[in-house]
Every structure is written in structure tokens, then in C-alpha cells.
Amino acid sequence: MTTTLDAYPQTVRDAVAQARTSVSALHAELPRWGLVVWTAGNVSQRVVVDPAAGPGPDDLLVIKPSGVTYDELTPESMVVCDLGANLVDGTRAPSSDTAAHAYVYTHMPEVGGVVHTHSTYATAWAARAEPVPCVLTMMADEFGGPIPIGPFALIGDDSIGRGIVETLRESRSPAVLMRNHGPFTIGKDAKAAVKAAVMVEEVARTVHISRQLGEPLPIEQQHVDSLYARYQNVYGQH
Amino acid sequence: MTTTLDAYPQTVRDAVAQARTSVSALHAELPRWGLVVWTAGNVSQRVVVDPAAGPGPDDLLVIKPSGVTYDELTPESMVVCDLGANLVDGTRAPSSDTAAHAYVYTHMPEVGGVVHTHSTYATAWAARAEPVPCVLTMMADEFGGPIPIGPFALIGDDSIGRGIVETLRESRSPAVLMRNHGPFTIGKDAKAAVKAAVMVEEVARTVHISRQLGEPLPIEQQHVDSLYARYQNVYGQH
Amino acid sequence: MTTTLDAYPQTVRDAVAQARTSVSALHAELPRWGLVVWTAGNVSQRVVVDPAAGPGPDDLLVIKPSGVTYDELTPESMVVCDLGANLVDGTRAPSSDTAAHAYVYTHMPEVGGVVHTHSTYATAWAARAEPVPCVLTMMADEFGGPIPIGPFALIGDDSIGRGIVETLRESRSPAVLMRNHGPFTIGKDAKAAVKAAVMVEEVARTVHISRQLGEPLPIEQQHVDSLYARYQNVYGQH
Amino acid sequence: MTTTLDAYPQTVRDAVAQARTSVSALHAELPRWGLVVWTAGNVSQRVVVDPAAGPGPDDLLVIKPSGVTYDELTPESMVVCDLGANLVDGTRAPSSDTAAHAYVYTHMPEVGGVVHTHSTYATAWAARAEPVPCVLTMMADEFGGPIPIGPFALIGDDSIGRGIVETLRESRSPAVLMRNHGPFTIGKDAKAAVKAAVMVEEVARTVHISRQLGEPLPIEQQHVDSLYARYQNVYGQH
């Protein structure tokens, strides 16, 4: 397989090197928070090829190699693909979910990072195709409402990517639970998508446990709206 | 933002330095016992400004900065505020829950430490607005009865702090489960409040699991009372 | 408080020193296997004072100090008591459960180690006062039948110790679930009692989870008997 | 007990040394993924004695010693047996499950590794003798359908081994849940069998949790088939 990253300008090659480092480090958050076992799960980040023009169809993505354990991951082992999911740089095969990540970057220019896991509680809701209702203030903060269900989709063509994009476009949520499969999350960069992956499991678990002994109380829509607005604008260091 | 800690006497500045160290270290207990994910949760401690007069409205509090991960916390990154939740010392924005902590210190002079988490099982009871019944001897020891539910309250004004104070004033429990939100705990210092945060999750989990397969047996009120009295007076090193 | 260990022969003082080391190390197994939080739980070991005569009422026990965290435990911080629960050696107050341990050693000479925890699933069965049915081959191996429930008993007199002894005398099980309280386990030494504490939580959890979705299949009594007989005689290194 | 490994050619002794190293290291994966407590569980690997002829009844296996904790395991402490479960090399008694492993190697020449655990959720299904239905795409990928139940079988003769082999021969699944006992998994080598042990617990847990709040949606058989075919042929590094 030919390495073609040399054809890109130095600024892109530098951005790829930086993305390799941060995507490799962010993978460690998935086992740390109990979201993955063995080699499952993957994190990717978009590299904008023409920063002046902004995100576009010629961008690259950096992603986990396929079937490699978390202990073995290094910046060097990360794989670089274009948005056609073709290998651009790296000595290993990219994650088998690369096409789904690439589809999201192609159709959602505001997305800079994508994460996929089979985290237990989120996947449990996905297996019943049941959205997680918004009954926690931290869900209102982070997700702005319920966490939606995406369609059943087989790997191998555009159907997973299309299911993610169509579901997320109609929701404030940065997480979608793909039916019988598991969560995909998005963010402005890979770190934000990892945070959403951590939070979707946390709220899926808490609401699940709450419902085991009765029905959680709903939060009024106006309160969901005001919590979401505040959190998106005020929280954290500015 | 102006740093105004210089206006305080040296003894207060020393007490602040000590509180920065212990509050920073106590934050590590929250992920250690599985009470928080990502940047959620916060610990604070009161610094009494006039020890001769005792706790009062001019006191300070030391708290976690907003939106910072647990790995990054150091004594220096802790934030110092007055009980109006105004920044007194520190280079970062204080936790978005600072006003609630400050309200507690203002209205409960006996409280020297406050902790807030979204720990899973405690929050699951909170989402159903259901108090945790006192069916374990360790609950009688530590909480002296059921763990009460506080009102639904939005962030942004006094309503969270008021809900905490009004609920805890009518209970022996050092923990309140704020509806749809999560637990707040209090103690004579930050360490005692952290212990209460650990224990509230432990008993919320154990009673939840017990109830999954039937109804736990109640403990007679007189036994609850005698266990609570003994534990508050005898347990530990004296 | 007077240290009176000097009144014992050198061989006893050596045995105490050895027990301090092993009891301190064995305490680390309790948080490691998730059986305790904060300062809860305790391990003790009998020191036979007259090895020629065998275990007797003049024996000593080595146990955890009260209210001390697991991080702070060292061989030196362990506490030595006689079987009247009086302090014999150590600079700290003994565990508040010392009288229960001492009662067991007094009335069950074959017991060389005792462990007490509030481990989650075992305590959940205890809160319903429901024995764990023997539906796993590993339960038949280790416990030889169901795990029995002891009476509700208050701390402060002999009632916990008596409840443990009376329940265990009528059972093959090295574990008893004290009602609304939690498990106590016994063994030929402290290590065996710790193993029983680990195993009782494991089987309490597995049987609980199995029963959440239906009724586990019983194991015929003759098979329980043969598994128990084999395991007690054949397993491990000889 | 006579050590008889000297009677084997150097190539076999080298292969045994390599298997000791990898089997010892793979044991660390069992506590890491929460599949075992204390000394429970075991991993074995086949050593082909005549590589030209392929796997056969004269092969050896390398397995965990009986009743030894995971912290104490080293390549040297591993035990070597023939497929009659007789000790060939090692200073300790082999796992009490050795006869079951040996039976599998004898009757399934394509199997190069076997793992046994009592992992919680898999064992919970086994106690109800209920197969785990295939409602997750990762189950279709890895197991190609439901995870089957093996018969109740006592240790001490061929019945466990026979139950494993007869159940797995009629299934695509590399995992069988032995009734009232726990999972056994197989693979082309010990690493593949360990992966199957990790995955069977993961899917047993996720499907259990999904079913707690309703019925998971089935995946159509044709989709199960296509996912399984793709995963077995395409996934990972080639």
C-alpha cells in the first residue's frame, strides 16, 4: 500500500502528526471509563486540509487501526484515511468502522471528532431500540433532551453513516444509539466526542437503574431548554 | 479578575493554603470510589476568617475549578471564593455549583465541607424522587434514618442551596438527593463530607439491589436511634 | 492504656508479630475485590497462646484499628486484644466489631480467622433476610449448600457473636449473612476467611443477577454433597 | 512425580517454553477484565507434538496450577500435561479442570486454546440454563448466533469435557455455558479463547441488562449470517 501523505503540504502533515498524538491518547479514555473491552471501540479526528476554506470533502481523518488492543496503541500505529475511507498513511488496516466515521465528516462539516463504542448500558437501550428519556439535569445539560435511536444498519456500505447523520440532524444530542449495535458520538473535536461517549454511558446507566424500581420523574421541557442553553454557553473555563 | 486574597490576614492566607492542599487531595477520592466521570462533581471546604468569632458570613470557601478533569487538579488550581460566590483567589473560574456550596455555608454555620456528585445509584433514587429507606445497620450508623429528597431546582439562583438547607435541617442525614439531579453531602470538614458522599452511594446501591428481588426488612425506629447514637459518639479513634 | 504483651512468652510475641504482618496484608484484599468502602470491614486472626494445648479461651486476636482507612494500615497499626476484647497491644482503639470476632474465637476453637464486610450483594440478601440458594457448582464447592441468614442483632453486647456462632454451627457454610447488616466469614486462618468473604460476595452477586430474569435451576442435594466433599479434600496444592 | 518432558524432542520443549510464557501472561487478562476472583478460572494451550502430522492425541497442554492466585503465576509455575491429563512437567498439581481441557483437545483437533471462568453474567445465564439470544451486532460478529447451554455435569470423569464438545459441535459459538457452572471458551490458540471469554461475559452482561427493562429486538437470521461471515474473514490486521 502506497503512503501518499507526502503529497500533502507540510501544515497538513504537521496537523496529522498532532492528531495522531491526541487520538492515540484519547483512546486510553475508553477502557479507563469502562466503555470497551479487548479491541472494540474507536476514536477519530478530522484534519482540515484547507483551513482557509474550512472543513470539506478533501479532509483527512485519523483513526484506530483494526483489531489492535488498547495497550498496543501509539501515535505511530494510528491510521490516516481520506473521506472516501482510503488509506493515506499508516502501516496497518484502519478500523472497520472507518467508512461510518468518514460519512459523518463528509455530511456534517461542524463535526471534528467521532467516537464509537459498545458501552454496556447504552448498547442495552440500543438493543431495545428505546431512546433514553431526559430525566436528569446532567442529561439536559449535555444532551438537551432524550438520546435518540438510529436505524438497524449493516456494515459494508453507507447505511451506518447515513443512519448516524440522519438521526443526529434531528436532535440536539451529540450521541445516537444505533439499533442492536451501540452508541456513536460526535463533537467539535475528538476530545468532545470522547466526553460525549463517557456521558452517554453514564446517563444510560443511571436512567436504566432508576427505571428498575419505578418510573423516573420527567423534567419539564422549558427546564430542559434552559439547562441546555446555560450549559452550552457558560460551563467550563472561558 | 483581581486577586484579593492579599487583603486577608496571614493566618487566613495560611488556612487557605492548607485547604487548597486538602481539597485538592480529597477530589481524588471521588473517581477512586466511582462517584464521578470526566469533570463532574466537586468538593469544597470552608475557611473561617475570624476563628475567635467562629464561622460567619465573611468566611471563604475553597472549591474545584469548573470543567477541569481530575487528573489536572492541583492545590494551585483550586479556586477561592467568598460566600457571595465571588472569586477571591485563583486563575480559573470556580465550579458552576459554587453558589449552592456558598448558600450552605452561609445558612449552616456548623458545616465545614460540602460535596456534590452525580453518583449513579444515589442519582437513580433522585430521579424517582424516592428517599432511600433505612434498612441497613450502616445506614442507621451514618445517616440515622432514610436519605431525604430535595426539591427540583434550577441552577442560576439560590434555589439549589435553599433546597439543600431546608431538606437537611429536617433530617439527621448528612446527604440529600436533589430531585432529578444528584446528591449533595455535608460534614464538619471536607473529609467528612467526602465520606458521606462515598457512603450515600454505597447504601443507595445496596438498598437498590436488595429491593430488586423483594422488599428489604425495616429496622425498628428504636434500633435506628440506638445505632445512630452509638456511632456518632463511640466509633473511630478518640 | 497499658501495653501488656510483654507479659506473654517470646513465642507468643513472635506469633503476634507474624499475625500483624499477615492481617495487615490481607486487609488489602478487601478493597481490591470491591468488598468495602472507606474504613468499613475488618479481618482478624487468632494467635494460639498455648500451642501444646491448642486453641483456648486465653488466646489473643489481631484485628484492624477502628475508623482507619485502608491506605493507612500497617503491621504496626494492627491491634492485639484478648478474647474478652480487651486491648493487649497497640496504640489505637480496636475495630468496633472486636467483641463479635472474640465471641467466635471463644466458642469455635476450630476457627483461626474471621472477616466482616458490608459487601454489596451479600448485604442486599441480608437486608431481605433471604438465604442465597445453592444453584452454582462453585457454591456447592465452597459453601456446601445455601448461605444462611443470622438474626438481627445490635452492637454492644454478645448478640452479634452469638448470632454468628449459632447460625454457622448448623451449616456447612463458612459465611453467615447477619440480617440488615452484612456478611461474617470464618476460616482455619485469616486468609481462608478472606477467601470466604470474596466468594460469598461473588456467589451472592451471581445468584442475584441470575434471579433477576427468572428462577435459577436447583442442583440436586446428592450433587451438592459430592461437589463439596471433593472440593474440601482434593482442590489446590497438597 | 517424575518429570518426563526430557523424553520429548527439543522442538517440543521449545514450544512448551513458549506456551508457558504466553499462557502465564494471558492469565492476567482474566482478572483484568473482571472475569475471575481469587484463584478461579484457567487458561490452557495445546502444544502440537508432531507439527508435520498436525494436532493429535499425543499432544501436550500447558495450564494453570490448581488453587494458586493470579499474582503468583509465572511461566515456571505453569503445568504441562498430556491429553490423558497426566503430569508431564511442573512442580505443582494442575488445575482441577485439566481433564475437561484435555477432552476438548482430544476431540476437537482444530482447537488450540481453552479458557474456563465463572464470570458473573455468563454464569447467571448458565444457572437458569438459558441461552443468550443473538440481539447485538457484536454477538453476530463473534458468536454467529446465540450462546448455547451445555448439560449439568459433575467434575471427576469425562462428563464436563463431553458436554462442552457435544454442545460446541452443533454451534458456531466459541463459548458454551455449562449449566449451573459457567462458561468454557475455545479458540485457535489460547489468546483467541481468552478473547472469547472476555466477549461472552460482555454480551451476556449487555443482553441481561437490556432484558431487564423489556425485550431486545431480534436480528434477522440473514443479517446474523452476513455479519458473522464478514467478521470471520475481514476484521483485524491481515
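Just so it is clear, A, B, C and D label the chains in written order, and each chain counts residues from 1 on its own.
By our rule, a contact is a pair of C-beta atoms (placed from the backbone, for glycine too) under 8 Å apart; a residue touches a chain by one contact, two chains touch by 3 or more.
What you see is a predicted model; the values in this text were computed from it and never measured.
Trainee: Tell me whether subunit B and subunit C, two copies of the same sequence, contact each other through the same residue numbers or different ones, using over half shared as the line for same.
Mentor: Copies use mostly different positions to touch.
Trainee: In degrees and to the nearest 5, what turn takes the CA positions of subunit A onto those of subunit B?
Mentor: Between subunit A and subunit B, the superposition angle is 90 degrees.
Trainee: Suppose each chain is reduced to the average of its Cα coordinates; what separation in Å results between subunit A and subunit D?
Mentor: Distance between chain centres: 33 Å.
Trainee: Using mean CA coordinates as chain centres, what's the gap between subunit B and subunit D in Å?
Mentor: That pair's centroid distance is 47 Å.
Trainee: For subunit B, give me the residues that contact two or more of the other chains.
Mentor: 212
Trainee: According to the definition already given, which pairs of chains are in contact?
Mentor: Chains touch in the following pairs: A-B, A-D, B-C, C-D.
Trainee: Using the touch definition from the top, list the residues of subunit D that touch subunit A in their complex.
Mentor: The touching residues are 33, 135-138, 195, 198-199, 202, 205-207, 209-210, 212-217, 219, 223, 226-227, 230, 234-238.
Trainee: Touching residues of subunit A toward subunit D in the complex: what are they?
Mentor: Touch residues, subunit A against subunit D: 37-40, 65-68, 92-93, 96, 118, 120-121, 123-125, 127-130, 152, 154-156, 179-182, 208, 211-212.
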